[in-house]
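Below is a structure I'd like to ask you about.
Each chain gets a letter, A, B, C and D, in the order it is written, and its residues are counted from 1.
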Amino acid sequence: MNLKAPNPVLQALGRPLRLGVVGGGGASFIGPIHRAAAVLDGRFQVVAGVPSSHTDKGRAQGAAIGLDPSRTYASMAEMVAAEATRPAGDGIEAVAIMTPNDLHYDQCVMALQAGLHVVCDKPMVNDSAQARALADLVRSTGLAFCLTHNYSGYPMVRQARAMVEAGVLGALRIVQVDYFQSGMALPVEQGTLTDRQRWKLDAQRSGPSLVLGDIGTHAHQLACFVTNGQVTQVSADVGAVVPGRVVDDYAAILWRFDHGARGACVVTQAAAGAENNLTLRVYGEKGMLEWQHAAPNYLRHAPQGAPVQVLGRGDPWLDARALGCIRVSRGHPEGFTEAFANLYAEFAEAILASRAGTPLAAPWFPTVEDGLHGIRFVEAAVQSSRQSGAWAPCTG
Amino acid sequence: MNLKAPNPVLQALGRPLRLGVVGGGGASFIGPIHRAAAVLDGRFQVVAGVPSSHTDKGRAQGAAIGLDPSRTYASMAEMVAAEATRPAGDGIEAVAIMTPNDLHYDQCVMALQAGLHVVCDKPMVNDSAQARALADLVRSTGLAFCLTHNYSGYPMVRQARAMVEAGVLGALRIVQVDYFQSGMALPVEQGTLTDRQRWKLDAQRSGPSLVLGDIGTHAHQLACFVTNGQVTQVSADVGAVVPGRVVDDYAAILWRFDHGARGACVVTQAAAGAENNLTLRVYGEKGMLEWQHAAPNYLRHAPQGAPVQVLGRGDPWLDARALGCIRVSRGHPEGFTEAFANLYAEFAEAILASRAGTPLAAPWFPTVEDGLHGIRFVEAAVQSSRQSGAWAPCTG
Amino acid sequence: MNLKAPNPVLQALGRPLRLGVVGGGGASFIGPIHRAAAVLDGRFQVVAGVPSSHTDKGRAQGAAIGLDPSRTYASMAEMVAAEATRPAGDGIEAVAIMTPNDLHYDQCVMALQAGLHVVCDKPMVNDSAQARALADLVRSTGLAFCLTHNYSGYPMVRQARAMVEAGVLGALRIVQVDYFQSGMALPVEQGTLTDRQRWKLDAQRSGPSLVLGDIGTHAHQLACFVTNGQVTQVSADVGAVVPGRVVDDYAAILWRFDHGARGACVVTQAAAGAENNLTLRVYGEKGMLEWQHAAPNYLRHAPQGAPVQVLGRGDPWLDARALGCIRVSRGHPEGFTEAFANLYAEFAEAILASRAGTPLAAPWFPTVEDGLHGIRFVEAAVQSSRQSGAWAPCTG
Amino acid sequence: MNLKAPNPVLQALGRPLRLGVVGGGGASFIGPIHRAAAVLDGRFQVVAGVPSSHTDKGRAQGAAIGLDPSRTYASMAEMVAAEATRPAGDGIEAVAIMTPNDLHYDQCVMALQAGLHVVCDKPMVNDSAQARALADLVRSTGLAFCLTHNYSGYPMVRQARAMVEAGVLGALRIVQVDYFQSGMALPVEQGTLTDRQRWKLDAQRSGPSLVLGDIGTHAHQLACFVTNGQVTQVSADVGAVVPGRVVDDYAAILWRFDHGARGACVVTQAAAGAENNLTLRVYGEKGMLEWQHAAPNYLRHAPQGAPVQVLGRGDPWLDARALGCIRVSRGHPEGFTEAFANLYAEFAEAILASRAGTPLAAPWFPTVEDGLHGIRFVEAAVQSSRQSGAWAPCTG
């Protein structure tokens, strides 16, 4: 992918791809990000949507985001059916799913079966059986599927991956990820819940472990992406640090990777005082890399036996795969939305490839297989924690 | 302005404002930023443009950014004339000018005389006579005019302004701005010049002082915006630090403000090793504020006699005028494009106000008067430097 | 302790306390630090020593550090015996032990039995049976005993402890310590070993787990000191990340504290590219504290619901116990030696108290009990790691 | 100088040099630092002193710092006379002067005429005539003279100097120094003054410009030391930013160097909220170096066209002249006292050289000539400010 090159969608199709959105209306946090990310590079336009499952509310929310009333739907099923009847070259070609976790599976299946490409918010689904089924379906359809673990879209994260691949660190030894948030630091259960809080606090909807699904899968995918590896087993302590809480808000995990590294991963949504503090450190035999989300435009590289380097987004000596996903030149900060948009930009290329019958072999956006690995990681951590920290496998 | 509130343009007009762009095609740095900033919040759509003054090149560049060939023009005059003949509610309502500095004046005048609102890149014009004439024209037309000194669009810069206004620092004492870039650190004159370098290095086109026009006016506007004041006089050393250079690449300026503060401002484009390092520090009787462009989501506040605070973009205790221009919640970085987009978002509100006959009284985006102050600052600095640093007035 | 107050040793005794040093000669890392720390505040003078167990070498090393040849000894036993025969008020009153780990126990016992106060380098001893015996001996003699876990001597670490004690964080939830060094990142075993490397790599001498003894005990003591608590159980992964290594160079530990907090602690000496990177983060219900050894003069406090604060060493609003161990005013950095000296300064006060028959009740320097907790922590981590991560108790 | 090598004083003389101190008793800020710095490396011992000019007070202050009552004097003259009568090898060999500025000249002259080596606090004297006379006297006596501009003692500052000398930056272009303190941010004149404040606020005692003498000379010496050059002319704005103040608390200076660089230097003691914020940035044709006193163990090197490097104190790839003044290994912070001690350590070597009749040719500690340049800089800045910023020469 090279964002400085001519827009391949405009070149191939003469206009942006047509996207339908499911969820993300009203006060949604992630909805505006998906929509901004989709359109930022002129590769998608949002032409239809299901902003809310409540009809009247959905209509108002659709108008608020500029949707045509005639293409604002009350359900995924309605959208899929109605869009399929539009004239050739007018109906949606892809859907973006940003609904509560327990709805993802059915909606993904519905979209894929209708021949639509899918971008799905994380966590992909709530158990590994669904994940395997979904992976099979994606493979069999040949459609493009992107899971929005957006942290891997940051240019300096991609630079880290490229450096690891190039052997800059040598054999990997230790991988550390900390992800500390404060959204659940207060006992929110004791107050009036927002819609979002209500389904998050309902384990039937949010999945086997709230904190692991919400941010543990981000931490896991980030570590796997950068080190180009898989976690094979974990020893974990999972639970709640806020008294009286019945969902998980804390997980500390010791992990081992197929590339031989080990390390620790700590995630919590109950870290009073935290912002959205995600830190990755990778150590190999020749040095280390550190990336912090609070300063995403920089990557620290400390080689053994040579001066520490601070690499900046846009530096001309970066790897082409990092430079390819940069919009604004060095010294001009980019942020969360641009990282998210990088997933969409490459997803657009995957759609073109799928249309051409030559699916992308190894895209850098998170795939359905990454989603499967993520849910297996969650399940293994929960299992280990229940068994006094005994190492549990998370592959297979 | 409150970006979390419903889109006022959609509410008032049912669809985005129609924008024509002048310049910014091809390999332009600022063109993609203007276009992304314009559309980011769904308040503008880019429907016409003059990507290049060369017809064939312009046509190709227009296609590359998704312009309809029928609305890709060869000149500003052609665009203004043709768009005026389109059906009601279809022609452009505003233009965004991002051409070489010496073209700004004529293009702004042409647009305003055609009843179009204008967003213009900096520096506004190349001498104060033109600036005064343009300010008069804007006032007489009642049209909206926005100058893209985008650094004042960063939420944490706006927080600084709000805190100064609220008296958090007490009486102001010292204002420091450093702006160090490396784009001219090498003797680029000795190699093959890009189009952009060619006009920059031609003082007839780039104005009385290259570095002062390019980034000195940014530094000046940032200091004036945050401290809500004007520079009244300067003592300066302006010139070139790269041997053999005939345009200015360095300016060190001692300044005095109408609010009583003084300080120093150093700007250079010949700082080998620099990125785009802009730093603002404001000291008052009660404490200081520091903002650095390399970490734009934070603002350091060091009160006298109490602990240092680090304020973060999105913190709920920020001023409403800072919170109003935030898209992504705290801990999720925003960057250059979003800051730029904040100017466009408020510019859209200014257009609505102009249409309603009630122009915005004191917008926070930079105005034509700010452009006038900027060019007066440049002229005074050049004058002082020629007179052995003697203090020169820059108001009036 | 208040270093700004008159020197209590000079006030009580009219001259500094007389110290004998054991080890630390030649190219020792820790020797010069002990000696500088001892004399920095005029509370000790180094009057005798056993720089090396090899007589000729020891004599030369003694001269190099200014020892009188007549008081440069070949062994601890010789020094204790000879010094005891000196005129009243002339022989050593305390010893500082900085020899290989396996010698600590015998040397401590010898000193205590001779009525000498003891400052001992960490880890205190190599197994918990010795640790218990030593703790009993210290208690029975009433002599002062200080273990040099020097990180707890930093003023901002003490400020953190004071804030935790004062309830600034509320109930504690999570305690994180990372300690990453690079001293063993290369396969040093394959080259020529220094004396220091030779005994470190000999598990008979360095103890049950090299990395845990060397720096794990530092991490443990730091966490316990700041949170005023004890680790009750651990689940651990301990081993070597450098291929072929037979001693431990890596340990990742999940821990639980008696105050209810849990968290993770990762220590390694094989982190290629690291300096001496020790980081502590403590989260409670009301906010968090972060201290990093690379910037030891600052403490970050992020309260939930209020702006982040950066506290600086010397700020007048610090706790008296932090301000009491500061020599140079705010904004003038202090470092490792001063932190080390703070242990010595309070150790001197403990000696005065012991001489007066009123031993200090709860000194802030690390005690023999802290040493016992440290070795129990090491033993439990090793045990858990051997049992597939099963939680192991480390109290009792 | 190499602090890891055997102590040259012990090698040459068998014991430390004997130092007398003048001033620095009681609540003095700088007194304890001078004394700790003198003894830190075992090259000096403080054996006599004039802690205060008031006899009783001086006696008590002498006891408090461990001086023998028989060698605690009431005046410099008394000390010089009495010490001269002591047995050979017993009297003081050097004096350290840390009295109010207006006393330095007479005390330096008295010491030098008595054959004593001198370490003197800054600013050296209050006018350039005295400075020239003192420089002549030092030269004629061949005695060692050290001026304690201690910032040039930091290892990473010395590394910067070494890199500039080695041509790492190429031809120098811009030198920036900011020095912001808050000690005079409040209108202290309106309250009860301490002794120190009283003489500082008396221009007869503190010299032609308080802020320039106090910290401007530090900024000037730091810039000259690192760039191995002299300031040739200045254009300045000097005055008070605190209303009603009659001494200077603010100076902004544009400067030009004999090596061709220019830049700005801003110093103030009235920066509310500041600590002791000294920052140096040097730009050359090939890149830049930045050093900040708040993080003194690191030096940022940004080469043009290659990644930013962060050099750490103790890194083995540093210049020998930086590594030579390090006590504690990399990753173990050093601070203000150690930097100060580096001046004393080399001053001791200068004394040995003077005794041997071969004075050091180009010591890295600040010399009497540096003191002369400093006062000429102050005088020129004051002159320029009085002449509307006209450039004033400060050499000759």
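The definition used in the following text is that a residue touches a chain if its C-beta (ideal position, glycine included) is under 8 Å from a C-beta of that chain, and two chains touch if they have at least 3 such contacts.
None of these values were measured; they are calculated from a predicted model.
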Target subunit D, source subunit B, minimum contact steps: 1
Chain whose average C-alpha position is farthest from subunit A's own: D
Whole-Å separation of chain centres (CA-atom averages), subunit B against subunit C: 55
Whole-Å gap separating subunit A and subunit B, where each centre is the average of the chain's CA atoms: 34
Numbers and ranges of subunit A residues touching at least 2 other chains: 274, 301, 308, 312
Residue ranges of subunit D in contact with subunit C within the complex: 6-7, 10, 15-16, 29, 32-33, 36, 39-40, 42, 63-66, 181, 274-277, 293-297, 312, 327-338
Residues of subunit B defined as touching subunit C within the complex: 301, 306-312, 315, 317
In the complex with subunit D, residue positions of subunit B that touch it: 169-170, 173-174, 176, 178, 180, 182, 185-186, 235, 237, 241-243, 250, 252, 254, 261-264, 266, 268, 270-274, 283-288, 301-304, 308, 384, 388-391
